[in-house]
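These notes concern the structure reproduced below.
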Amino acid sequence: MEALQFFVVSSFSAALAIAIAAFGCGIGQGMGLKAAVEGIARNPESSGKVTVTMLIGLAMIESLCIYALVIALILIYAHPQAAAIAGLLG
Amino acid sequence: MEALQFFVVSSFSAALAIAIAAFGCGIGQGMGLKAAVEGIARNPESSGKVTVTMLIGLAMIESLCIYALVIALILIYAHPQAAAIAGLLG
Amino acid sequence: MEALQFFVVSSFSAALAIAIAAFGCGIGQGMGLKAAVEGIARNPESSGKVTVTMLIGLAMIESLCIYALVIALILIYAHPQAAAIAGLLG
Amino acid sequence: MEALQFFVVSSFSAALAIAIAAFGCGIGQGMGLKAAVEGIARNPESSGKVTVTMLIGLAMIESLCIYALVIALILIYAHPQAAAIAGLLG
Amino acid sequence: MEALQFFVVSSFSAALAIAIAAFGCGIGQGMGLKAAVEGIARNPESSGKVTVTMLIGLAMIESLCIYALVIALILIYAHPQAAAIAGLLG
Amino acid sequence: MEALQFFVVSSFSAALAIAIAAFGCGIGQGMGLKAAVEGIARNPESSGKVTVTMLIGLAMIESLCIYALVIALILIYAHPQAAAIAGLLG
Amino acid sequence: MEALQFFVVSSFSAALAIAIAAFGCGIGQGMGLKAAVEGIARNPESSGKVTVTMLIGLAMIESLCIYALVIALILIYAHPQAAAIAGLLG
Amino acid sequence: MEALQFFVVSSFSAALAIAIAAFGCGIGQGMGLKAAVEGIARNPESSGKVTVTMLIGLAMIESLCIYALVIALILIYAHPQAAAIAGLLG
Amino acid sequence: MEALQFFVVSSFSAALAIAIAAFGCGIGQGMGLKAAVEGIARNPESSGKVTVTMLIGLAMIESLCIYALVIALILIYAHPQAAAIAGLLG
Amino acid sequence: MEALQFFVVSSFSAALAIAIAAFGCGIGQGMGLKAAVEGIARNPESSGKVTVTMLIGLAMIESLCIYALVIALILIYAHPQAAAIAGLLG
Amino acid sequence: MEALQFFVVSSFSAALAIAIAAFGCGIGQGMGLKAAVEGIARNPESSGKVTVTMLIGLAMIESLCIYALVIALILIYAHPQAAAIAGLLG
Amino acid sequence: MEALQFFVVSSFSAALAIAIAAFGCGIGQGMGLKAAVEGIARNPESSGKVTVTMLIGLAMIESLCIYALVIALILIYAHPQAAAIAGLLG
Amino acid sequence: MEALQFFVVSSFSAALAIAIAAFGCGIGQGMGLKAAVEGIARNPESSGKVTVTMLIGLAMIESLCIYALVIALILIYAHPQAAAIAGLLG
Amino acid sequence: MEALQFFVVSSFSAALAIAIAAFGCGIGQGMGLKAAVEGIARNPESSGKVTVTMLIGLAMIESLCIYALVIALILIYAHPQAAAIAGLLG
């Protein structure tokens, strides 16, 4: 049944999307976190400002990963043709 | 049914596009964030200007990822031939 | 039986998702941890603030990996078409 | 139907083009942003000139990504043979 | 027999998941360990705080690898469809 | 129809050409931009000369990407055999 | 005989799992060891504390590799379906 | 028709040639540009000599990319067998 | 004969396992050795402690490679199903 | 027609040869150019000697790329069997 | 004849094993050698101790490569099933 | 005709050989050139000796690439079986 | 004839083995040589000791490559089954 | 004709062997050359000793590449089975 192949590839794509995005954003957030922690250790008085800036930046990077999460969830739960294709299943 | 293959590959392409773009932009934003946080920790008085510049830069990088998100959403929801091909499904 | 292939690929996707995400986030957390530990060794008095910031950052990175874990668990336990496809098995 | 394959590969190419370009340009812009933010933190008075130069540079890099976006959109919406091939569909 | 292929791919996925995750987390923990050891050698009096922070961080990274281990064990011992598919074997 | 395959591969080639070129040139321009911005921040009085040199260099790198864009557009709009092959379509 | 393929892929997976994990953990332990040895050479009096910390860290990394070893041994000696599949052999 | 395959692969080769060459030369020119800009910022009086040397070097690197462009254009417009093969088309 | 394929893949897996593990552990031990030798050259009096620590570390890394060697030897000499499969050979 | 395949692969090989060679030599020349420009900026009086040495080096690297160009042109225009194989075409 | 394939893959595996192991261990030994030579040049009086430590380390790394050599020789000369399989040859 | 395939693969091999060798040697020569140019800029009086040494080194690296060129030319013009195989062509 | 395939793969394996080993050991020896030459330039009086140590190290690395050469020569000239398989040729 | 395939793969292997070896040894020699040239520029009086040591090292690396060249020439001109296989050609 070819219709099944749609769900097979959707699952794989969803997994790939979130995995690759998490890989890159994980490294990106690690770079930001590294600098923030180094900075606070050197200059503890800047702690407030550094933490705020770090959180803004981490949130920006998090958003990139969430785009991929959204695409992954759309592929699993809400693809516009999914209902039609599921109808072909049985 | 070949028509199904169109939706299969569209799903995979959408996932790939957002994943790779998020990977690269995540690292790019991480580099910017790292420098901003280091800078604020060294020189907390520059915090305002640094944050503004960082936000401009992060927004520029975010835009690259949003281009990919737009292409991904077009492939899922708004491909010009999607309606015609969906008609071939059943 | 094609229906079986769905579970085969789901298993593989789940494994791939968590593996790649853990790879990237593991390196990202390692970068954060490295900076935190260096900082505390240089300036032990900043230990409290550094640890708090590090934990916030590690939690942000952990969340990326947990997104992938969630997708992996959905693919194994809760894919919306899984019941229908399992019905095709026997 | 072979005609369908044209739209399948166009979609994949469009996604690949924007994804790879966004990856590279994201890292490139991150390098520029990093230097700009470091510079402003070290020498806040240069902030005006640095921001202007950074914006020129980011715009040049953005243009590279927009070339890829244009090619991607051409492949989806405006390929010169698309109409003829769509006519082969049904 | 296709049912066998399910166990074949599950085994391979489990091995891949733990291998890739161990690779990345091993490098991540190595980075943390490196910094901790350098720090203690430079400033032996900070040894207590550094070790505690290092252990927190290593545990966070370990958790990423354990997610992959859990997925691997689920694929081998507790996949929800495993019983049904094993019934197809003989 | 084999004639269709020509347009399929042309589209893919055009996308690949601009994507890979944009990747490399994006990183190259990022390196130039990084140095320019650092230089201006350190020595704001050199701003004029630095910006001019940077623009010359960015233009040289941009030209490399435009070669690829030209090839991509030739492949889509102006391949010498395209008309003959399009005649084979219907 | 398909049943044989199960043991073929299990063997390959076991080898791959331990190989990739040993690769990554070997590099990770190398990083920890490098720092420990450098530290002792610079400050021989810290030798006791450094060695203890290094051993804790190496053990954590070793544990990652042992997870992979366990999965590899399960795949060779103790896969839950192995007996049933071996029964299919002859 | 096999004759068509010649034009298909020529197109792909032309795109690949210019893309990979642009990638490498873009990074190479970026390295040269980076050093030139840094140099002028540090020592604005050397601006004339630096710009001249940079232009010589960029031109040498540009020439490498132009070799690839020439090969790409030969493959599209002037391959010695192209006429004979085009004759096989219809 | 499929039974032969089991020994073919076992041989390949054994070779791959020891090769990849030796690659990674070789680099890891190289990093440890490098630091030890640098340390002794800088501070020859620390030679005893450094050598002992280095040997502990090298032994830990060696153990990772020996896990892979053990798996390789099991695959060649002691796979639990090997006897049964060898019986299928002739 | 197999004879056609010869020209197809020759074209692809020629493109690949010049592309990969241009990639590597472009980076190599970039490294030389970078050092020359840095040197002149630091010590403008050495400009003559530096430029001469740089030109000798760039020419040596250029020669490597020209070897590849020569092979590429031989493959397109002057392969010793090309005439015989072209005779097989029609 | 399938029996031949066993010797074909054994040869390939043996070559791969020693090649990859030599690659990694060659780089690892290079790192150790580099540090030893640098150390002796800086502090020629430490030459004896440094050389001894270097030789211990190089021997440890050499052992990793020798494990791979042993596996390679077993695959060529002493695989337990080789005699049985050679009997299938003619 | 299989005989043709010999010339097809020879062409591809020749192109690959010179391309990969030029890539690596181009980077190697770039490293040598970079150091020579830096050295002359720092110490113009050493220019004679540096240039001589650089030329010896570049010639050694050039020789590696010429080995590959020789193999490439042998494959195109002077393979010992080429005449016999060409005789099979027509 | 399958027997021929044995010699085909042996040739390929031999070439691969020596190529990959030479790659890695070439870089490893380059690292050792680099340090030796730097050391002698800084401290010419240590020249004797440094050269001896370098030669010991280079010989160790050379030995790794010679292992691969030996395996390659065994595969070409002295594989234990080669005579038997050659007998199958004609 | 299968016999032809032997010469096809031999040619490809010879090209691959020399190409990969030249790549790695080119970079290795580049590292040695770089250090030698830097050293002479810093300390021109050490020129004699440095050049001698560099030549010994470059010769060692050259030997690695020559091993690969020898294997490549054996595969083209002197493979022990070549005569027998050539006899199968016509």
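Observations, loosely collected:
Letters A, B, C, D, E, F, G, H, I, J, K, L, M and N mark the chains in the order given here, with residues in each chain numbered from 1 onward.
One rule holds in what follows: a residue touches a chain if its C-beta (ideal position, glycine included) is under 8 Å from a C-beta of that chain, and two chains touch if they have at least 3 such contacts.
None of these values were measured; they are calculated from a predicted model.
Least step count on the touch graph, subunit D to subunit N: 5.
Between subunit J and subunit M, the least number of touching-chain steps is 3. Rounded to a multiple of 5, the Cα-based rotation taking subunit E onto subunit N is 130 degrees. Look at where the CA atoms of subunit G average out and do the same for subunit M: the two points lie 29 Å apart. Distance from the subunit C centre to the subunit L centre is 46 Å, each centre being the mean of its Cα atoms. Subunit F and subunit G have Cα centroids lying 45 Å from one another. The mean-CA centres of subunit F and subunit N are about 36 angstrom from one another, to the nearest whole unit.
Multi-chain contact residues of subunit D (touching two or more other chains) are listed as 5, 9, 12, 14, 16, 18-21, 23-32, 34-36, 38, 40, 42, 50, 54, 58, 65, 72. Because contacts link each chain to exactly two others and close back on themselves, their graph is best described as a ring. Listing the chains around the ring, anchored at subunit A and oriented toward subunit C, produces A, C, E, G, I, K, M, N, L, J, H, F, D, B. Of all residues in subunit K, those touching subunit M in their complex are 1, 4-5, 7-9, 11-12, 14-16, 18-38, 40-42, 44, 47, 50-51, 54-55, 58, 62, 65-66, 69, 72, 76-77, 86, 89-90.
Every residue of subunit H that touches subunit J in the complex is listed here, in rising order: 2-3, 5-6, 9-10, 12-14, 16-21, 23-32, 34-36, 38-40, 42-43, 45-46, 49-50, 53-54, 56-58, 60-61, 63-65, 67-68, 71-72, 74-75, 79-81, 84-85, 87-88.
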